[in-house]
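Next come two complexes built around chain A: one with chain B, the other with chain C.
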Partner chain A sequence: MSTGTAPQGRTYVLGQFPTGAALVKACRQVREKGFTDVDTHSPYPLHGGDEALGLKRSVVPKVALAGALTGMFGGMAMMVWMNGINWPMNVGGRPPISPLSYIPITFETTVLLTSLSIFFGLLIMMRLPQPYHAVFELEAFRSAVTDGFWLSVAQAPGSDGKEAVRELESVGATQVSVVKESLE
Partner chain B sequence: MGAVAGHSDEVVSITQARVGATGGALRWSLGLGVLGLLATAVFYFAGGPSQHATVLAGYLVAFVYWLGIAVTATIWNAIFHASAAKWMVVLRRVLEGIGASLPVFVLLFLPILLGMSTLFPWARPSSAMSAEELELLTHKAPYLNVPWFLIRAAIYFAVWLLVSDRLRRWSLKQDEVGGLEPTRHMRRLGAGSLPFLALTITFAGFDWLMSVDPFWISTIFGVYYFAGSFLSCMSLVAVVIALNQGNTTGLGGAVTRHHLYNVGKLMLAFTAFWTYCAFSQFMLIWIANIPEEAAWYVVRMKGGWAGVGIFLIVANFFIPFFTLLSRELKFRPRALAVVALWLMGVHYVDIYWLIMPALFPAGAQPHLAHLAALVGVGGVAVATALWRAKGHFAIPVKDPNLSYSLRYTQA
Partner chain C sequence: MSEVSLAQIEKDTVATMSETTWRYWLALGIALSLVALGGWAWSVALRQGLGITGLNEPVMWGALITTFVFFIGVSHSGTLVSAILFFTRSPLRAAIGRSAEAMTVFTIMTAGLYPIVHIGRSWLFFFVLPYPNQRQLWMNFRSPLTWDVFAITSYVTVSMLFLYMGMLPDLALLARQVKSWRRPLYRVLSLGFSGTDGEWRIFEKAYPIFAGVVIPLAVSVHSVVSWDFAMTVMPGWHSAIFAPYFVAGAIFSGIAVAVLLLSGLRRGYHLERYITPKHFDMLAKLLLAMSLVMTFVYATEFFMAFYRGSKAEMEVFRWRATGTYAPVFWGVVISNSVAPLALFWSRARNHLPTLITISVLVTVGMWFERFLFIVTTLARSFVSQNWGNYIPSWKESFICLGGFGWFLMLFLIFIKLFPCMAISESMQSQHAVDAAVTPEASHA
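Now for the complex of A and B:
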């Protein structure tokens, strides 16, 4: 009997909805019922989706600003050091440290580090790359990348998800499935 | 601000509103405008010949300042049609309204024609010029001569009036008859007119602004003038939104914080665009350091004008850019309107800084006539726009994308 309680994965209840608007509405209703770990999956961003999920304002802008400031000051400092201090050069009679002529490169390094920090910041925040997620267990869920609007409700490990199934059906899901997260 | 435009009863009340209660604003702007123009004329005639140049130059600054806003309103409108933008349908009447002031600028152009020989050195080559300068003017005479200048001005006005009038007329026609036909016409003209609008405002910048210093050339100058005007035009839209906030049955009831947010984002983007153009022009001339190009900047970087140049960098880039980065600010109509008024004020300084050093190289010589001309041209232009908007709907009530625009939200 007691072969040890093998750690169990979480239970996910997945419901499909006919339209994006229905998904957003259902998401709001499900969260109002007290389900906390809810997520929406749709082929494109849904208007009002953030509010329905109760998401706080993203920190991406702050990450971007940090990248921008690093790129700006870093780019300027790089050129001041290289052209002005490490290897002073007379270009067209300008002084070795000539900030005005550094501005185009400073602009470029600002844009570069901004975009890189957004790209890698997003990867980290979204925990990507993610080769496995419980929702992949359901074949029908693949439609989330083409024309399906899905709501997933995560339940504690071992849960049968019955309560969430009933809830999703009551808010208009066209099909509801329960999948278990595999820990292998 | 109409928070929930989705309720049918509210939509009905919005779509029944016509622009009517502008009587006070119309009277005030017309009164101030006429007063300002009269004061400018008094300064010109009572001040004697010594005042002619400063009064006329002040008038030219005011004229190109307001004209740029009116023309770029039509350009914004054409761009939105060309890109089939749906979110801004509720704001389209504002752009059409600003553009509807264009006819009065034909009349307002007359003083500039009459004062040409005072304003534009190429129109009066004199023995006081150096042999080199006279040679340059002779070289440029095929372009910079009075008849061709007049023909070009006529072409610019013809294009602007035609495009703004057609776009506005089809839009108003749709209010009555509905249907998709006007939308198709507007989109076709909007897209097709863009190259002509771009060329005319560029060359108008060359003719009316750059040629006050005919020995200097910059190919990006027209874009620079356009960039500042384009930004001021969107700023004016933000001001109009803020002014209409209490008016829940008209524009104020249809425009939500989401539209305002987009207006704020466009202001932020074109603050950066202005800076990009300004720096592109400056940097190439500064780094090449060729006397005939650099002279223009030397005047504006030395003496009394140096402070104005630094003010422009700080006031037209650093302050508005970092202020507009805030997301919360762009949701607040009053706060955004304050930034917008700031940008419009700085744009005036910008135009002033482009024109005045050609006549007064030592430094700015502020004159009451400059303020009078600014109020005069602006007042008459605003009055024209309000007068022409009277009796029409404040939003395009039968536009096929209106319901989308009313419900528009940021993702």
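Now for the complex of A and C:
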């Protein structure tokens, strides 16, 4: 924002729908009209919503596998290096590198790293923590966590959102509001 | 739960956090008193050394290690049960899953204290961690005690993340619905989760993997604890059955404690609509099944001791049932193997006071069962010149009681700060019910 004018936040048009099914249907219709930055907000997962939103195959299992492999090889390597190479330790004449007795800890590090990678991967993929989102400016939007089904359409900064309002009304939104993103 | 409206679910859950009755203060008072008593006794142990306990040659592991094993055991019915209920798509999970997961986290946090108390110079506990220290020495990774350190730290970390992750949608809900000083707390903890489809999709994908990882982890943790004993050559410990035996005992004691906590929650917060007699009936059946498994394990242990023909082992088992600790042994048999048989009758299963009595017996019985197998082996090992009995000292018993207070205190604080039922999941099942009834208008 190098221009002299005050920077403006994006405009969000929010529409409420009576049911999850209506929301999914509306979402599909709105996307077909060419609105790209569309998001649904619902108190529980909507099935059939992802293809309406055009989301791709989840990478979560791959993240989990990457964590598991890191934990497995990392755990084993740690023990081999510490007990066998860095400070070879003779306990009762057993070989310094005794992989069989390392298996329990390898298992634990595998599980630990899998869980940590899922958890932190989840936060990164969800773009959390997200301290501010314009949709929370709207008081009625509070219902999105209990029984409201909302569709949000993001518009370019400075837009008055009229077009999106009309579109949402035409696909059956019971209530439509426009909120401006605050940049403070 | 289909007859309960969404608003009611939310209201009742929020009430568990905001309404505080005299029962709550009484329970918290008892918990804090026990913590103070245990803390004082531990402070004496720190200042004067482990000489204040009853531990001495030959019994160097006693009540403190017993309490450690006991609490690790109790933790198993939390996350494990919650994860299993998740995979079986059980409607029970929304009501009891959260408290069970919290129970796991707090029991491990309690259990973890006891090895630290037991090492005497507790401030040196970090010696068990692999870090580049001034002694330039790593720990011995072949030792089951080191396995245990890894198992328990992994277990507590994973259980906490599992609890937190499952709670994320509820925290987002509360951040919008609750007023007062709580709102900033939930806003920060909910991390800005706004229920977008992208978020739900990742959540729905990640949660089952997490739950799937938790199940083998829980099983591995108590197996590793059992190897602390079974990897030695001590008579009565050196046995291949120990890992499954410990896991079964863990689930057994965990269910008993879960019954006690749930009945307390239900009574204290009038959650009769959510925690129903059906829940208790199912827990009672599970308790009965695990009791039968335990009886089988006890019998197998005795059979193997005499079948194998090791004199030292035969002596340990003969002495366990007839010697100094025989009253403890028969008490354990009555509370763990005989008393739960009453649950064969549906009247006993559906009569809450009976179920609570049996659960208390099982909880106490499982503590003494661990005490028994730890102490009798050490007191009666290979060399008869090295035999000797052990009785916990008063201060040692206070430290153990302090753990019960500590666990209860953490749990009570938790239910004040966080929803003890999964509101979001209840809504999901509620919406599913509504949608099945009226496909077009899925909320009333």
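Descriptive notes on the structure:
The criterion applied here is as follows: the second predicted complex is superposed on the first by the 171 of 184 C-alpha atoms of A that agree within 3 Å, B and C clash if a C-alpha of one lies under 4 Å from a C-alpha of the other, contacts with A are read in each partner's own complex, and residues count from 1 in each chain.
Please note the rule applied: a residue touches a chain if its C-beta (ideal position, glycine included) is under 8 Å from a C-beta of that chain, and two chains touch if they have at least 3 such contacts.
No experiment lies behind these values; they were computed from the predicted model shown.
Look at chain A after the overlay: chain B and chain C fit there side by side. Of the two partner chains placed around the shared chain by superposition, chain B and chain C are both touched by A:101. Judged by the touch definition given at the top, the superposed model places A:64 against chain C, while chain B stays out of reach.
Of the two partner chains, neither chain B nor chain C is touched by A:28.
By the touch criterion stated above, A:45 is placed in contact with chain B and with chain C alike.
Using the contact criterion defined above for the overlaid structures, shared-chain residue A:19 touches chain C, although it does not reach chain B. For chain A, the partner with contacts to more residues, out of chain B and chain C, is C. With chain A used as the common frame, the shortest Cα distance separating chain B from chain C works out to 5 Å. Common to the chain B and chain C interfaces on chain A are residues 45-46, 49-50, 61, 94, 101, 104. In the complex of the two chains, the chain A residues touching chain B come out as 45-50, 57, 61, 65, 92-94, 100-101, 103-104. Residues 279, 283, 286-287, 289, 325, 327, 409-411 of chain B touch chain A in their complex.
Note for the complex: chain A touches chain C at residues 18-21, 39-46, 49-50, 53, 55, 58, 60-61, 64, 78-79, 82-83, 86-87, 89, 91, 94, 98, 101-102, 104-105, 107-109, 111-112, 114-116, 118-119, 121-123, 125-126, 128-133, 135-136, 142, 144-147.
Touching chain A in their complex are the following residues of chain C: 6, 10, 130, 136-138, 140-144, 146-147, 150-151, 153-154, 157-158, 161-162, 165, 169, 172-173, 176-177, 191-206, 209-210, 213-214, 216-217, 220, 224, 227, 424, 427-428, 431, 435, 439-443.
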